[in-house]
Every structure is written in structure tokens, then in C-alpha cells.
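The two complexes that follow have chain A in common; it is paired with chain B in the first and with chain C in the second.
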Partner chain A sequence: MGYTLVNILGALLIVTSTLVLLSKTTRRAVLCYAVQSAVLVALLFTLGVTTGARELIIWAVTATVTKVIFVPLVVWNVYKKMGCPDESNLASRLKPAWSIILVAAEVLVCFVAVGGIQLPTAAAVRPALAISLAHFFVGLTCIISSRNIMKQMFGYCLMENGSHVTLALLAPQAPELIEVGITTDAIFAVLVMSFVVLRIWRGMHTLDARDLTNLKG
Partner chain B sequence: MNLSILLVALLASPLVFTLIMAATPQSAGRPAFAGMHMASLSIVLGLSLAVGVPALVSGQAVDACGLWLHVDALSAIFVLLIGIIGFLTGLFSLPYVRHDAEAGLMGADRVKQYYALYSLFVFTMLLAAASNNLILTWAAIEATTLSTVFLVGIYRNRDCLEASWKYAIVCTSGVAFGLFGTLLVYANAADVMANPHEAAFFTAIMPYAGQFDPMLTKIAFAFALIGFGTKAGLFPMHTWLPDAHSQAPSPVSGLLSGVLLKVAILVIIRFYMVALAAVGALFPSVLLLTVGILSVVTSAFSLVRQHDIKRKFAYHSVENVGIIAVALGIGGPLGIAAALLHCVFHGITKALLFCLSGNLLMTYGTRDLRRITGVIEVAPVTATLLTVSLFGLAGFPPLAMFVSETMTFVAGASAHLLWVVVVVALALTVVIAVIMQIISGSVLGHAPEGQAKGDVEPLALVPEFILLACIVWFGVATPTPLVAGVENSCAIVLQSDDLDALHTAPLYRAVFDSQAAAPQAADVQNG
Partner chain C sequence: MSVFLAILQVVIVTLVAPLISGATRLIRAKMHSRKGSDVFQDYRDIAKLMTRQEVRSNTSSFVARVMPVLYFAVMVVLACGIPMITIASPVPLLGDIITVIYLLALSRFFFSLAAVDTSSAYAGRGGLRELIVGVLVEPTMLLALFAAALVAGSTNMGAMGLAVATGAVSAPVATFLAAVAFALACYVELGKVPFDMAEAEQELQEGPLAEYSGPSLALLKLSMSMKQVIVVSWFLAIFFPFGAAATLNFGTFLLGIVAWCLKVAVAFAVCAVVENSVMRTRYKLLGTQTWAIFGVSVLSFAFLIVGV
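Moving on to the complex of A and B:
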């Protein structure tokens, strides 16, 4: 029952990450990312209860603070500091239908790749594992397809969430120190990127990745 | 004194100086920050020699903080590279920053930021090289990006902002692949080890690597290669590199290209060791040869189009990191030795060339090679240094890179990979042609009308002469401690004392005058 719920939450993760990918505005991306992080917290908690790993319960608590609250708040604050700029001309390079097809293809490829893994801990959570791997590529798709540099930041956050889920699925007993290290680094990455975005806005008054193509060749 | 304590001090000193500089008000002035900067780098140089040389020569690893820090012969090579090049490019920073400050390009706030971040950058690289913990190594590599984003963008003009954004987004997302690979190795190790709490330590997992799930290990290696290969500047993840290297201040470009790329290579070598033990040589070799050859070939042709001298040098970095990947992909003791020597030799050569690009920038006020002409008339000392170091970059004898490139070719031929040797050699002919173009078009030729004549100040030339001396010295007579360290490192990477292939390789004895002593790596068994 517990593992079934974990796999269902894994499926929800891919739905929410697709919503981040499809978001047209920073406001919506922030909201979708917060929801996705809440699903991640639920997954960590369920897995913790199912496997009896106390560490995962602690991860769920820290992820609530860092991913559900802190990261969205940082990005939202930066967006507000810029005066909530108009993003109507920053549509994704991919049409929504193509984005969904691409995500489906990524999930499919990851299911095939994960099928070859013989690790005992992976057996019960294979679907969720495939999805956590796919999550990674959805994040990459978000970075490559977005014209909005604020949204590119969320691509990195999705990739980091994918790693987090993989670690929880394959090594639920991992010491908290590892989780703390990963989360701290990810938070610093978001803070630094937010700061650079703010500088770009103040210096160039743009969030458009097309305006950042002067250096070529 | 206890080497473990010195290792902790080596890591702590640049961090402490970063904090001191951050806490010091900018009104303290540039000389105060320059003084702290040099104190930090002098201590790092001294301690890296104190810790690195014994580890290199004796093969005895230095451990500290339990299992967390581990400097064996392999990591000692990179610790020494950080200490020596960090100090020399740091010394070059003094006249360079003074010039920029006097030219109004760097205000007091940015001078403080520059020196504080420089020490932080050195700290993060030392941590990555000395860490024995998988996750800490990843975090340190990620931290190298975060500490240098603001160095790359320090001039805050349009191009710098663009370069710093690309650097941040490409490297953080690239290194996220490295995190995924790291976690897969950790999970694999935790599954087979009796004590899962030791599953995050390289030395602890190596004896168990043979029991890892082959599929998971292959995915992990592929992810690690993409992730840390992004940081190393391997094709096709190299896109950040020409932008960041061209926009950063020249001493920082020297440190990025000369050292940071090599530290990322060290992490790839650690994952290569795991893959070798778990799935054999074929899979990692195919991946390394593929990205290596593509890096060499694409960068060789990209070089032709560049007119910005620093972008040109940046593409040379991609090409040379490609050669390192090719050498690793060829594998065996000879391939690994060639890769490690190329890390050192290219590191020194490229640090020198980026410092010299700083000379040109200070003299001509531009990076555009079409406007940099007649250097021999304008700044004869810089012209001489530039010519010799460009010959070094082209791999001409008797300079250092000739030795490592020749070793790579011998390794390829010995492994019956002649087609690899031919492809790389053909690409290198394009590289040589481009280098000759710089010499004939910029070093020679006539100086622009009205160009003031005179070399940069002596303080800028001192570190350059030292780096040039190293290039000549290492090419003519590679120091015995380095040869011993490379041999000990080969034993660590291959987890074997059998280095006959290295000692019996054509030219090896003649070049290195090695007594072919059995490697003394006491920790071969535990990685």
C-alpha cells in the first residue's frame, strides 16, 4: 500500500513539473513549483513511514521549509523587486503540445533505462525511480526551452528535486548530513542565480534569454 | 608537524582570509586587501607544498577529519596545481587590479569583492581536490561556480552580465547531472556495504565497487561525465567556457582554465575508477573517447573564427581538456599518466597565456587580435614570453606540453587506437596553424599608429617568467617528484601495482629517466 502511494505521488510529481514547464508567467511557475515541492514532501513522508526510515521524515520537514516556502519566496521577492515585469513576449520556445509529447518521451526512455537496474531497493519503487530520473530531463527541457531566465532557474530546481527523490528512493537510510548538504548548496545556487537575474534586470532591463546572446562563436 | 593538521590548515586559511576580507570595510583601501590576498595565497602555497610533495613522492596519503579529507598522490597533483598557480596568478592580480582600479574599471567595492572571492575560489577548489566524500566533492564543485559567478561578472557591463548568467545556469544545471551520478554511486554503495554510513567515501567504496549494479554504474558514470564534464569544459557542455573566460579578469581566467577545469577532471577520474572496477574499461573508454575527440575537433575549428584573444585561449582549453579525456579514454597506465601530465602542463601553460593576455589588455586596451599588432615593437618582453608560450601551447619541443601530447599519441598507438591518434593529430595541425597566425599577425607586424610603447610593470612579469621557467623545465627535465607522483597516481587509478606497460612504453625511460621503481602507493588497495 505504502509503495503504491509512493508511485502515485511519483506520477503526480511529473504532472506538477510539466505544469512548471508549461507556466507562462513567473507567478504561475512559483505557484506550480511550490505545489510540486509539497508533493515531494508527501512522497518523502510516505516513503519514510513505509520504510521506517526516520531520516526521511526529517527530510520531509526540511524540504517543507526550504522547497515549499523558502525557494518560492526568494524567487517571488526578486520578481517583486523588479516590479513584476510584463512577460507576455517571453513564451516558451516549445508549443505546449510539443512540451507534453517531449515529457512523455522522456518518461518512456527513463522507464526503459530503469528496467535494467537490478538493485534490490529499486524493485518496489521502479515507476517512481523512472519518474525521478525523467524529472531531471524535464528540468533540462525547462532550461533549454524557456526564453524567460526566471523560468530557467526553475528548470534547475526541478533537476535538483529529481536528484532528491532518487536519493530518497534508492538510499532511504542516508544520513541527514547528505540531505542538508544538497539542500544548502541548492539554496545557495538559487540565491546566487536570483542575484544575477536582478543585476541583469537592473543593468539591461530584460528577462529575455534572446537578449543575452551577444557573446557568440 | 602533523600533516593532517597542515591539511586542515591548508583548507582553513583561504576561507578565514575570505571572511576577514569580507568583514573589513572597503575604506581600508586596495593595499590592505592586496596584502591580505597575498598572505592568504602565500600560506596556501606553503601548505600545499608541505602536504602535497610528501604525498606525491612517498605515495603515503594524508587523511584528516576522519574519512572526510584524503590527499593521496592523485589529489596531491591537483592540490599542488591549485597552490602554485593560485599563488602566481594571485601575484599577477596585484598590478592587474591596480591598473583596472586606476583606469576606473574597478571601484573600491569591487576590489574588495575581487580579493575576497579569489580566496574563496581557491578554498572551494582545494576542498574539491582534498575531499574524500562524494557529496562534499559535488558541493565543492558547485561552490566553485557560485564563488566565481561574481568574479566573471565583476565589470558588470552587458557582456559580463551575459557571461555570468550563462556560466551560472549552464554550470549549476550541468553539475546537477553530477549530483545525480553521485547519488547513484552512493545508493549503489549503500546497498552492498556493511556500513552504509561509509558509502559516501571514495576510499571506503572502492573495495566494493566490483559488486555494484552494472546498469546503475553505467548511468552514474554517464551522468558524472556530463555533470563534471560541463565544469571541465568538455564538448558539448563547454558553451559557458569561452564567454566566462573572455569576460573574467585575466588572472581569474588563468585560474579558471589552468586549475578549475583540471579539478573537475580529477572528479571525473574518481568516477572513472569506480566505473573501471564495476563495469570494466570499455564503457567509460567509449564515452571518454567520444567526448574527447569531439572536444578536440570542434574546438580546433571554432578557434579559426575567433578574433578575441581570450576566447581563442578559451577554445584552446576545450581542445586540451579534450586531449586529457582522449588520454583517459585510451586508458592503461600510459594513457592515465599522459592525462595527468597534460593536466599539469596545460595548467601551467594556460595560466601563463591568460596572464599574458592581461599584459596585452593593459597595453592595448583591447582583446581584439585585429587591433593587437606589433607586440614585438610595443612590448618586447611580453612578445618574447608570448611567442615561447604559444609554441608551448602548440606542443612544440622542448616545452612541457610536447611531452604529454607525445605520450598521448604513444598511448594511443600502443593501445592499437591509431585512428584516434590520426584524428587528434589532424585537429592539432589546425590548432598549430591558428597559433602561427597569432604570432605572425599580432606578435610580429607593425604597431598601430600612436600606440604607446613599453612593457607592463616588472611585478606583472615576475609570475610570468616563473611560469615560463616551469614550462621549459618540465619539458626538458620533468621533475622526479612529479614523475613519481604520476606513477603512484596511475597505481591508484588502476588499483594495481602493475605499471609495466608504463615503464616499457617507447620513450618513457628516455624521457623521464625513471628507475621504474614499484609504486609506493600504500593506499592502493583502499583507493
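Moving on to the complex of A and C:
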């Protein structure tokens, strides 16, 4: 039962990350990312209860603070500091339909790829492992397809969430230090990227990645 | 007993359909800050048209004459087969999803053919647009329903509804996404804004209606309202069968009728609110939206293969 719930929550992670990928405004992306992080927390908690790994429950608590609250808050503040710029002309390079079909293809390819891996947790969570791997590629898709640099930041966060789940599934007994290493890493990355975005906005008045080809050292 | 149930369903759908379209018109009027006519206006419209004289284009053939009756007959057959009060289909032969899709395609085909048949460029154009909507939305419907059928292990609506009602689905997320994709596809099929305007016979989309008058137009108006009820019931029968009777006795039968009325009312209220909160899409951009819905059903299929 617990493992089934983990698989379902894993699938919901893909659904929410697809919503982040499809969101046209930073506001919606922030909301979807917060929801996705809440799903991630639920997944970590369920996995912790099912496998009896106390570390995973601590991970769930730290992820609530860092990913559900802190990261969305930082990005939203940066967006507000820029004066909520208009993003209507920053549509994705991919049409929504192709984005969703690409996500489906990534899920399938990753499912085939993890077919031969023996899991230390249980064979029952193999779908979740495939999904966590796919999640990494969904993040990559978000970075590549977005022209909006705010959304490219979310692409990085999605990749990071994917690796978080992969780690939880492959090494549920990993010490807290490793997890802290991963989440704090993400926090600093988001802080640095937010700072860079803010500087770009102040200097160039654009959020379009295509306008940034002339940046020189 | 099941024959009685099938006939009862046809009677209910025929009688209730104008009431529902009248209610959606009233909701639209209220949301536009107009007073609007009461919910029984569609009955009066149909009764009025029934007494009027029928006028036909002299270039039209038997297709234009047959179409209103055929359209109505298809809706009657559909109303027999789709489970509404019970989980199982009253006529199992007509309770198959592929039969339903083909029957809807049949009515659409004749609707468009009659539009071309009248030799009016305006009506013909409208008929072609109707076909475009069909081409864009049918693949999504098929794929979403196939995903649900694979989960339930049957293409019979009764068996699919039973699997969802008892929670015996092997891939819950895939079923959920199939339900989302199918609901969106059904919304397109309902012919509401942003995709279409079902009651606007002066508009290009419903151009074929401009060539009809009198009893034929009344029959078509009634059939189109019936189609809306049928499409909504179709979705509810497969993905939201809660409240429908699993075994038939007087108590479950009454509960089934009440549950169906409530579900249909809520579904149409939601549709009416959505319809009046969005802009009409440009025809050229229709494909972008329907392809996105198709993407959702592809994702549902991917989750089905993964097994979640």
C-alpha cells in the first residue's frame, strides 16, 4: 500500500512539473512549483514511513522549509522587486502539446532504462524511480525550451527535485548530511541565480534569454 | 426491465435537454448582467418552430431532408445505450465506447453533408468547420478512452464505470489523466465557447442550421441539446459513476436518478461558468488547444505503461 502511494505521488510529481513547464507566467510557475514541492514532501514522508527510515522523515521536514516555502518566496520576491514585468511575449519555444508529448516520451524512455536496476528499497517502487529520472529530464526540457530566464531557474529546481527523489529511492538510509548537502546546494544555487536575474533585469531590462547573447565578461 | 430503463432514459433526456439548454442560457444572461428569459424558453421555441412552415432550398437532395431525423435518431440510440441511472448499460450492445464514438461521427458526418448539400457557401463552410472540430477532438477521445479501457480491462462503459466505482483500477494516475483529457475533449464536443457556439445559428460554425426552418429546425435544436446531455452523461458514466445503481431495486433506482440529475446539473453549471469566463478562440488556433488535450491523453497512456 505504501509503495503504491509512493508511485502515485511520483506520477503526481510529473504532472505538477508539466504544469510548471507549461505555465506562462512566473506567478503560476511559483505556485505550481510550491505544489510540486508539497507533493515531494508527501512522497519523502510516505517512503520514510513505509521503509521505516527515520532520515527520510527528517528530509521531509527540511524540504518543507526549503522547497515549499523558501525557494518560491525568494523567486517571488525577486519578481516583485523587478516590478512584475510583462511576460506575454516570452512564450516557450515548444508548443504546449509538444511539451506534454515530450514529457510522456521521457517517462517511457526512463521506464525502459531503469528496467535492469536492482533497488535496495523494493522492486515495487521501480515506476517511481523511472519517474524521478524522467523528472530530471523534464527539468532539462524546461531549461532548454524556455526563453524566460525566470522559468529556466525553475527548470533547474525541477532537475534538483528529481535527483532528490532518486537519492531517496536508491539510498533511503543515507545520513542527514548528504541531504543537507543537496538541499542547501539548491538554496544557494537559487539565491545566486535570482541575484544574477535581478542584475540582468537592472542592466538590460529583459527576461528573454535570446537577448542575452551579447553578454561579455 | 432493461428495455424499460432504456426507454425511460430516452424520455428523460428528451424532456430534460431543452430545460438544461434554457438554464445555461439563463446563467449566461445573468453573467452578462442581462435579465434573460426563463429556463423554459427553449420549450417555447421548439413548440413555436413545430407549427411553422418548412422551407427548403430547391437545390437540396434527400440528404438535407433526412438529416434532422437521422440526427435525432442517433441521439435516441445513444440515450438508450449510455448508462445514466445504473452503472451497467441498459442495452449492453450499445454500451461500447467505440459504438458511441462512431454514432457521434455518423451524426456529425450527415450534419456536414447536409450543409454542403444545400449549395449555400455559408452553410457549407460551417459544415466543414464542424468536421475540423471532429477531426481534432476524436483522436483525443479515442486515446483517453483506450487508456481507461486498458485499465478497466473492457471497452464496455458499464464495466469501465464499475472498475472506477469500486476502485479496482491498476493505474490510478493514468485513469485520472485520462479523465482530465476526456473531460476536456467532451467540453470541445459540447460546442461551447471558446471552441464553438452551439446555439448561434447565425454564426459560421452552426451555418447548416441557417438552411433549416420549421419542424426540421425544431428537431435539430432538440437533438443538439440532447447531444450535450448525452456527452456529459457519457463522461459521468465512465469516470464519475458514483451514486449510480449497481443492482436495481426501487431505492437504488431513485438514488440513481437523483444522483444523475445532480451530477448533470453540476457539470452544466461548471461548463456555463467556464463558457462565460473565456474569450472565443480563433479558428486557426483551435488546433493548438486540442493538441494540448491530446498531449494529456498521451501522458496518461505513458503512465499506464509505467503502471502508476
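Here is the rule we go by: the second predicted complex is superposed on the first by the 211 of 217 C-alpha atoms of A that agree within 3 Å, B and C clash if a C-alpha of one lies under 4 Å from a C-alpha of the other, contacts with A are read in each partner's own complex, and residues count from 1 in each chain.
Simple rule for what comes next: a residue touches a chain if its C-beta (ideal position, glycine included) is under 8 Å from a C-beta of that chain, and two chains touch if they have at least 3 such contacts.
Source: prediction; values computed, not measured.
Participant: Judging by the criteria at the top, classify the pair chain B and chain C on chain A as clash or fit.
Facilitator: These partners fit in the superposed model.
Participant: Touch check for A:Thr18: first (chain B), second (chain C), both, or neither?
Facilitator: second
Participant: In the overlaid three-chain picture, which partner chain does A:Gly10 touch, first (chain B) or second (chain C), both, or neither?
Facilitator: The answer is second: A:Gly10 touches chain C but not chain B.
Participant: Using the touch criterion from the header, give the chain among chain B and chain C with more contacted residues in chain A.
Facilitator: More residues of chain A are touched by B.
Participant: Under the stated touch criterion, which partner chain does A:Leu212 make contact with: chain B (first), chain C (second), both, or neither?
Facilitator: A:Leu212: touches chain B, not chain C.
Participant: For A:Pro96, is the partner it touches chain B (first), chain C (second), both, or none of the two (neither)?
Facilitator: So A:Pro96 only meets chain C here.
Participant: Contact-wise, after the overlay, does A:Phe70 reach chain B, chain C, both or neither (first, second, both, neither)?
Facilitator: Touch status of A:Phe70: no partner.
Participant: Just the number, please: smallest Cα separation between chain B and chain C in the overlaid arrangement, in Å.
Facilitator: Scanning every C-alpha pair, the shortest chain B to chain C distance is 19 Å.
Participant: Considering each complex separately, which residues of chain A are in contact with chain B in the first and with chain C in the second?
Facilitator: none
Participant: Spell out the residues on chain C that touch chain A in their complex, using ranges where they run on.
Facilitator: 172-174, 177, 288, 291-292, 294-296, 298-299, 301-303, 305-308
Participant: Any idea which chain A residues touch chain B in the complex?
Facilitator: These residues of chain A touch chain B: 113, 116-122, 133, 136, 139-140, 143, 149, 152-153, 155-156, 159-160, 162-163, 166-167, 170-171, 173-175, 178, 181-182, 184-185, 188-189, 192-193, 196-197, 199-200, 203-204, 212-215, 217.
Participant: Help me check something: in the complex, which residues belonging to chain A touch chain C?
Facilitator: Going through chain A, the ones touching chain C are 7-8, 10-12, 14-15, 18, 95-101, 103-105, 107-108, 111, 127-128, 130-131.
Participant: Residues of chain B touching chain A in their complex?
Facilitator: Contacts found on chain B: 135-136, 138-139, 142-143, 145-146, 149-150, 153, 156-159, 161-166, 168-169, 172-173, 176-177, 179-180, 183-184, 186-188, 190-191, 196-197, 199-200, 213, 215-216, 219, 242-243, 246-247, 302, 305-306, 311.
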